[in-house]
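Chain lettering (A, B, C, D and E) follows the sequence in which the chains are written, and residue indices restart at 1 in each chain.
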């Protein structure tokens, strides 16, 4: 089982010559600092692949089932179905009052957004007549929930051995006044004028998913996307490390220490 | 209990009504040499040395072929080899017609399975056409296959004299399977149905085709046949008699 | 800026005089007169045939897709099948009401339209085909079924589907002990008899007929039928003129009129 | 959902038969199957058979608090269910039962019963804004051998007529509902009884082909036909609803013919219903209430046989929400001749076939006349046959078995 | 989605590389737009937008007095319902259009919950925390020939510009909570702040670096690999953006796309505002307006 913990802080870059006092956030981070991240893969035994992501107050499980034969109609390419849900106790508004199994509008939108992001990297053409189910469950949402879902799902897909052209990570930047805040906490998200969320494919350096809420200046918007990409690239690095660690462990178990 | 030379001991008299789960016969010690083969038909299952009924109906035994079966009056047809049946063309798929045979599944009829049919000279059946045919392949895992070729006959389909083939005109009556078999076995019933000349074809899948030349007679015949299924024999005879006596001819 | 025309139901329309002393109805029509009709063919770009139809304040768009390959399994091998959907826009009447495509009234209307055209379209010409008729009510001022039938007929003509005849519908209401042709929403109430009739104008036969609530006897039923037939014939004149004009326009644009 | 398969032979045969004015089950084209109704033992339970078509209906009445916008009106709802036992496609599609023709039937029944105001919803009000009665009729089609529409309609009306609601006492703002065994239950306020007649349409489909309409089609005829048209009439001759969804375009004359036929048919059905009701109330163990009987106002053309029908008709009672106890008791002599309408044995078809055989000579020349004259003839015949045969048919349905046998022998 | 063969896609892509589109437009040109306001007598405000005679959207607004949400007591509510009529495509039959409808509705909600329109929402408040206007904005997609987002947001904005609300008189009650309101059906006012309303601009890329096009036809949409839809406020700010498609866009292209989208959005806003101004003036002065409606 591969797990990786990074903490307490991951720096994005060191170039900012900002004064220390102004840079400090509620939780003591600088504006451009990510929260400590803990990642783990393969902890769910029933799923083909699984990933767990924890960062700040955000905790997410993601499981991948498949590829398995598609029950419904015939498709040339494989199909992917994503299902993102917030736990009722996750602390996110709207999730608590939900009844039954029906998804909220937001969950539905995020599910299709996740599907788009992942489908850009998964080689569905190699899985004809198959379907891959990705289900993510947000245990706790302390801000940046959806970006983290992308990361966890990507980990789970890699763990399941699904062919992918890239590894994707998501990250969020909030715009508070004139300031760009990386990986905002739930409180920061609430007071932000606008948020920018990016899904980023690190190898191809492409933005696979973009979502902006609230109101953002054009220049800020463009800057925010860049910052998001940098942050995502860092998370991607950690993901790779986590996966390699797991692979090594697995090889060791079989008595092959080297590839 | 009579001991039969067949190596089988019947638990009940043939012809009695038997219910599912009842013991029909005991198979004797299989070690006995020179035993005849016991043929079991529909509605009979074997449990070690016992033969049990799995259907409700009359117990039948045919001593000449050492065959044991339950004759029941079900309405749904299960294809069995060599059964003459009447199918309705539903559709055509490539070189095959798909027939509704009043069974759980459809049956296929090759377009060339008519006597003397060739690629160029073969009947063209539309949807809804009635076909008299026989079952040539029946398996519980596959669609049944039927054919209109009568073994040993040399007539061509185009002459219109073959036994099997498309049925034109007239109408079709749906009766129970038991009734259909009875009609096939003893044609005295059909003789009793009416005093007008008519043609008929009996499919063991419960479809009986009749054609009496004019539609009033056909109608009366079809009524009589339908009622035959639900009336007692004497009641029915009375009914038929009335039917025809009240008719104009 | 002028306020939108207001049309309240006048306190249940109990105390309302439906027919004035000089024999005119609330909107100034004679009792045999239908509302003003405007229509045009080929309004939509993607449909194989489409028509816009306006009868007074009732406005309807109809589209025909087909004959096309069947979408479901329920096709017939010797003839085409007709499918119909009837939906009402949410802003169609003064009171905002959430309507679904599948609600009871819409399904009933859809079935009437479907059955009606099954009898008129030469289905045997199009084996293994499906013809879809979609009707969208934009504004509802009474007589939506009538408008739907007339619009669908125009759309079918526009799509070039073979029909044995035109179909023209007209309804008849019963207010103040008089029959009135083509009642508007004010004149047709749930507690008053209303007859909706669709005829084939050339042969004068009745394709479809619905009577709700009760009429005194046979004779009044027959006279209601006469009112409806007369109304339908008025409407037919307009439709025929429009179709001819449209066809002439087509021929003209292909340079065939000059030849 | 696909309908039952019907072969071309059957279809052509059905059509040929109709052309020859003898139908697949021996009826003439303007002859309906005999309806039999059995009611009870529970209030509001009705079972209707049209030969092999079989429908049951039950009515439940419940006191509810009304919605604010309709505080002084009760409600009536009708639900029609196609039981999976009804036919093979119904069983196959028991989860997906919203087939076109079924929805049509359902909408149609609802429109006929509700829009014609046959049940007075205002009279279902106990106390405005506090309590109203909610009436719900459930109809199940048990076996479908064609013309479910009429069978259901008859079942609904029979059920509504037979249904009772608990009695209530209103003191000030308080409503007390008495249990059924505490006080005599009260019939529902049924204003009039719309009953439908459905016709199968046959014809070439070309614009100038003559139409042939067939009353009360069986399943084979339904499958071979080109659409249908339903008329609802009450016994007073009022039109309570017409529904023709589409199908074969009909000539306006045929329409008129149908509507006349339907009007007389409704009178005949009403009489059967009435007899069944009288019978059921007489039998009901809890009932001391006199039966609620339909007042079958004769339509003009039936005037001839007025005297005969009077013998069958029980005395008029007024329709209102509470039972009228002070009107005269029913005519006992008349009641005795009425037995349960249910007792129609299987072979009563013989009656169906031959009852009108004697008239056939008169109908011989039918085939040769043009459509319009034919229609006229049908009407004339109808008027005639109604005065003779339909009452006779009616009698046949309600005369006890023993008597019938006598009649049969007599006829022979 | 229209189904396109590979050859057709290739044709569109190659054209795009040379800056040419199949209908002769340049990459950032938009098709002619027909805008008509106050088309529905049954709605308080309505608009119909057609793009190039193929995309057709009808929007009607109905106001209603309601209670404001607890989170924003001083704001009115704008609620959207988008319905894809089956007229536009047989795929929308039954629940078939539900996904697209939801997507379109979400975009509108995103656009109109951003702080850009906060003033507009505040102007819908009647009594803080007690009563406010709720605007039911119902949109109907009659015909879809590409660029639904753009057309829809334009139609909604135009309808909001012309919507009229009856004047509301607040009758002060004895206590603070007892204030009652009376709707004056004679006097109407327009929504001044509706000029803040944003529109959406969609740019689609066919997968080539630096190449993207505005106002796609449905053919172009079906061979686009990725697209960005951005809400542009009249001040040039971004107020909600989403991406679509699975292709992914590289950073430089994305950056220049956003810039162009904002600029294009401002141009469209400017043009429509000029039109709407004359349109409203004409209506106010009672000048005859030639309906273009379904008879143009």
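Methods note: contacts are C-beta pairs under 8 Å (C-beta built on N, C-alpha and C of every residue); 3 or more make two chains touch, one makes a residue touch a chain.
Labels paired with UniProt names: A = Exosome complex component RRP41-like; B = Ribosomal RNA-processing protein 40; C = Exosome complex component RRP41; D = Exosome complex component rrp45; E = Ribosomal RNA-processing protein 42.
In this text the structure is predicted, and so the values were computed from the model without any measurement.
Chains making contact with chain A as well as with chain E: none in this assembly.
The minimal number of chain-to-chain contact steps leading from chain A to chain B is 3. The chains other than chain E, linked only through touching, come apart as A | B, C, D. Looking at B-D and C-E, the interface holding more C-beta pairs in contact is that of C-E.
Of all chains present, the one whose mean CA position sits nearest the global mean of protein CA atoms is C.
For the pair chain A and chain C, the distance between mean C-alpha positions equals 54 Å. A separation of 32 Å divides the Cα centre of chain C from that of chain D. Centre-to-centre separation between chain A and chain D, using Cα means, comes to 67 Å. Taking each chain's centre as the average of its CA atoms, chain D and chain E sit 56 Å apart. Residues of chain B in contact with two or more other chains: 126.
Pairwise chain contacts in this structure: A-E, B-C, B-D, C-D, C-E. Listed in rising order, the residues of chain C touching chain B in the complex are 77-78. Listing the residues of chain E that touch chain C in their complex gives 38, 40-44, 46, 53-54, 56, 58, 60-62, 64, 81, 83, 85-90, 93-94, 136, 138, 140, 142-145, 162, 164, 185, 188, 190, 280, 283-284, 286, 294-295. Taken together, the chain B residues at the contact with chain D in this complex read 88, 90, 100, 126, 128-130, 167-172, 209, 215-216, 218-220, 222-223, 227, 230-231, 235, 239, 242-243, 246.
Residues 99, 102-103, 105-106, 110, 113-116, 226, 228, 230, 233, 236-251, 254-255, 258-259, 262 of chain E touch chain A in their complex. On the chain B side of its complex with chain C, the touching residues are 91-92, 126-127.
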